[in-house]
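Below, chain A partners chain B and then partners chain C, in two separate complexes.
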Partner chain A sequence: MTVEKIKLMQGNEACVEGAVAAGMRFFAGYPITPSTEIAEISAAKLPRVGGKFIQMEDEIASISAVIGASLAGKKAMTATSGPGFSLKQESIGYAVIAEIPCVIVNVQRGGPSTGMPTSPAQGDVMQARWGTHGDHSIIALYPSTVKEVYDTTIKAFNLAEKYRTPVILLMDEVIGHMREKVVLPREGEIKIYNRKKPTVSPEEYKPYKATDDMVPEMANIGEGYRYHVTGLVHDEFGNPTNNNVTAEELIKRLVNKIENNIDDIVEYEEYKMEDAEEVIVAYGSTARSVKSAIDILRDRGRKIGLFKPITIWPSPKKELELLGKNMKRILVVEMNMGQYLLEVERICRKYTEVKGYGRVNGELISPNEIVSFVEEG
Partner chain B sequence: MVFREFRLSGSGGQGLILAGVILAEAALKDGKNVVQSQSYGPEARGGASRSEVIICDSIINYPKIEKCDLLLALTQKAYEKYIDTLKSGGVLIKDDNIEETIKRDDIEVYSVPIISTANNGLKRPMVANIIALGCICEVTKVVTKESLEKSVINRVPHGTEEINKKALYEGYSLIKSKKGKICHEA
Partner chain C sequence: MTNYLIEKYYRTERLPHIWCPGCGNGIVLKAIVKAIDNLNLNQNEVCVVSGIGCSSRATGYLDFNTVHTTHGRALAFATGIKFANPKLHVVVITGDGDCAAIGGNHLIHAARRNIDITTIVFNNNIYGMTGGQYSPTTPTGDKGTTAPYGNIDPNFDLCELAKSAGATYVSRSTVYGVNMITKQVEEGIKNKGFSFIEILTTCPTYYGRKNKKGNAAEMIKQLNEITINVNAYNNLPQEKRENKIVIGELYKDIREEYTEKYDRLIKSF
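What follows is the complex of A and B.
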């Protein structure tokens, strides 16, 4: 590693660095705390690498521009916080059904509505999963260190391209705004995945014909491959249809291309799990507090560890199920009133006790609070 | 004592978040682990603002501070709000305009003309944060002066490097000349 690559970096800055390294060449957004630095830094960086930045009139226009840019062949991203994330939901569904790779960053703040703009929260975990209407699967990633923001943003682009799907990158105010030491990898050390391009002539091209891995090849608009893109249920040519068989096939393929590849998509970290008898499930900035709490609890002789999903959707079902079978108790700590708890309960409740601890006052949960929760309950 | 946790407090617009970033970057240059975080209101100016820096040799997980080793207070309101968060044996550096309304005999206090030096001496109110950094460095020796100077130059707006460097030196000398030390030691 060269010395120059060690930097003091903010989470939001690392997000842009990672995005550009992954190949982002288009950003459209509308500024909102605590995500604004992502737009600001994108505006400074993108022109230098031949990319485009545009501030749109609102969040709906921003995600729409991102979808358009992606169809034209650019890796594209938008960033927002709770209120803007709500506005983007309809178009996220459009990107799901039209299979348009893109990355949507949501740096969470207190909600609902405009809530607490400068305070952290993790209240959009379920919105990331089910915010857009209709049956669908979604990929949502959630880093908890600045370096992880960098890596996870690259992964978000790679998964978006690989599975032709929108990927949600969740952060929270703490991760977005905090600065810490980052050692960036050198160019060439980063693995980049690009969407599959057509292997057939324009005449033979079927834009929504699935290949073996259930993901169709994607032509850039303007390359001579003419096709129809719609939010309606469509056939292999992209033309709208009400055919029940086609509809069932399409929706199932859209779900299965993600759900059948969970092992490829899921990423998680374990901390002090070697001999653990109890586990705390936590993600994002809360996982940092949990690590500190575990250090304290371990000093007091408690055999406890952390399971931190980095891929929160689709949830790491296999791993959670195993924890359910092996742990005396599973605790879920999060800055909401029990959103991921629902998912952990769904998977683990039949095997073991599951308990949640949540906080919604706009402050990061402290290690001492977690220690008390573990020791008292 | 070992200074690990720093809380820089005042009102929005005083540049305390930037001061925290500069302190953290200097520590990073010295080879330390650092985390800098902040808390502020929705206002661009005014309102309470604080910046927190953790500097140590080991991995930092929880990025926030409950009790601090050093408290910088630039406003009366910030002083009153955070004085109880200073650890016993810790150091308070406060602007000399702040009235010590809450007496604590278990801390070391430096009362320093930070804001008046910026306003009257250097005629640039905006450098109060950098003067304060000079004071923090001189009192705690938590970062090397070489690294601190480099990160000040690296982070301040173009064209203000000289005045900020001057402000930093002014901060050192306010402590060295004992102008800043009028209170008791722990």
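What follows is the complex of A and C.
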């Protein structure tokens, strides 16, 4: 039996550890605070496991190289923060339509523009959902502890491979730089999912033909299955087309392969929800403050709990709807001016009162602040 | 021969192509395919990557591993592909706008790394796909739909740029001389490093019409008239060199290739 490995780690380090454990063998990036450690640690680790690291000339080049590497068969990731995340958006859409697995980490900082490079924020939640143009669905995950960063990064790779789609891993400056003790899983304990390979001969292979779960089988470049990859709307062979029926089928399949598998994709945590009459919805570092606030409020006799989505997108609609039906009140606390509030309102407003509390000054939201908001609001 | 090349290397079910009658792109494409055939490369190990533009549509017609990427980023995608699997022969097809405007920075850095990618620029001096706007290679004074009074921008010498940035094979040819294109593409692919091949081609629909260059055949003839082979050029007295565009193999160097260098690092552990 292998011994348990306990390590004191930073969030950004846990991200690389998780990625390598998930099979990441390619990283392309461009330095930006507060994500830079992810590139630095990848640069040190990857060549030691036979992987490749490259510092590209900018963030557009980084995501493009990552997509190229994934096409050539490597599990690939890039990491950035706000300004760089903006630059990556066009190519994220390319990975969506061409169905190329990859992981994009965004360690959020204050924005817009250069904003507050070293301060935490959660202002890119909607950008993660709708940053690239056109109709699409997206998977975005958001851990709130260092251990969760490790696990969620593995999950990000697994979902990317399983659904052949880009997966966004959102963090914030606090999570990225915080140090916590992490008990790493033993070898063999980690569940790894790899892209489905073709089950037919090259002559019979249709690279964009959906299988039962709506996800096509993926041949890597160089394996003898020659086909065309394009960002244009395409048919089952990957050939560009303007056919309206094919276009609608493709766009709907790309959305539905995610939306129809929401139960497999969604992950969340509940805290003190057993007898709760009120709930706070929070994610990332804010969820940590909310937990402390709930302990204080519980001591004062309030029946309140936390609902923490780890899968931010697609949002846990079923679970949120149930909260809407059962809770007297839903409060959304986040380091922005009400981005996830919009989503919670959309789902819950017809059942119950939904209220938001936000902060955009570069400071964490403190437990006491949340307590006051709950008691006064 | 032509039929054999088409049968073997084109996705015939995808033809006819979208290019205008008289467009030079078809000539360049055939010359590229001939080079690959001459080198006897395994089609499964060839990956052709393109950006966005009329020229970049070429990948859709070719029976290799083909990737039609985003505007300007073909070299960045290609870098990921080559670095991930150095066994592949990676060829990039790009337009003058794709390569030198939106993609200019990627060109500089791919050349600097000397990564083994053969970049073939279809330079038609104009943005074809979007309808004839001026590009970084539109000669100063020439017209485009966004330069109705004549272009005031100085135009780029792409080969000089690639050479200064670190390319280890640099050449130029025109659609007037198909055999020269084929030879250069062969040499480019054989070079273990970053190869840059600029091919002067024709867009009769926009560049030609806007600048009263005549029909496609006349435009191709003009390409012959304005260019001179590098050897002949070197023998010309200084005063006769002006306004001549030099074709042929312009620069060669030997420098360690990027993916090989990284593989050495991996092996050192």
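Odds and ends about this structure:
Note that in this section the second predicted complex is superposed on the first by the 373 of 377 C-alpha atoms of A that agree within 3 Å, B and C clash if a C-alpha of one lies under 4 Å from a C-alpha of the other, contacts with A are read in each partner's own complex, and residues count from 1 in each chain.
Definition applied: contacts are C-beta pairs under 8 Å (C-beta built on N, C-alpha and C of every residue); 3 or more make two chains touch, one makes a residue touch a chain.
As the structure is a computational prediction, the values presented were derived from the model and not from experiment.
Aligning the shared chain A places chain B and chain C next to each other free of steric conflict.
In the superposition on chain A, the chain among chain B and chain C reaching more residues of chain A is C.
Of the two partner chains placed by superposition, A:Pro185 touches none, neither chain B nor chain C. By the document's definition of touching, neither partner reaches A:Pro31: not chain B, not chain C. Of the two partner chains placed by superposition, only chain B is touched by A:Arg288; chain C is not.
When both complexes are overlaid on chain A, the residue A:Arg226 reaches chain C alone and has no touch with chain B. Residue contacts after overlaying the shared chain place A:Gly338 against neither chain B nor chain C. Contacts of A:Asp58 after superposition on the shared chain: chain C is touched, whereas chain B is not. With chain A as the corner point and C-alpha centres for all three chains, the angle toward chain B and chain C works out to 110 degrees, nearest 10. Once both structures are fitted on chain A, no C-alpha atom of chain B lies closer than 19 Å to one of chain C. Shared interface residues of chain A (contacting chain B in one complex, chain C in the other): none. Residue ranges on chain B touching chain A, taken from their complex, read 21, 24-25, 28, 33-42, 60-64, 66. Interface residues of chain A, counted against chain C in their complex, comprise 26, 28, 47-48, 50, 52, 54, 56-58, 60-62, 64-74, 76, 90-91, 94, 220-224, 226-232, 239-240. Interface residues of chain C facing chain A in the complex, by the touch rule stated above, are 11, 14, 43-45, 47, 49, 59-60, 63-70, 73, 76-85, 87-88, 105-106, 108-109, 262, 265-266, 269.
On chain A, the positions that touch chain B within their shared complex are 6, 8, 33, 117-118, 174, 177-181, 285, 288-289, 291-292, 295, 364, 366-368.
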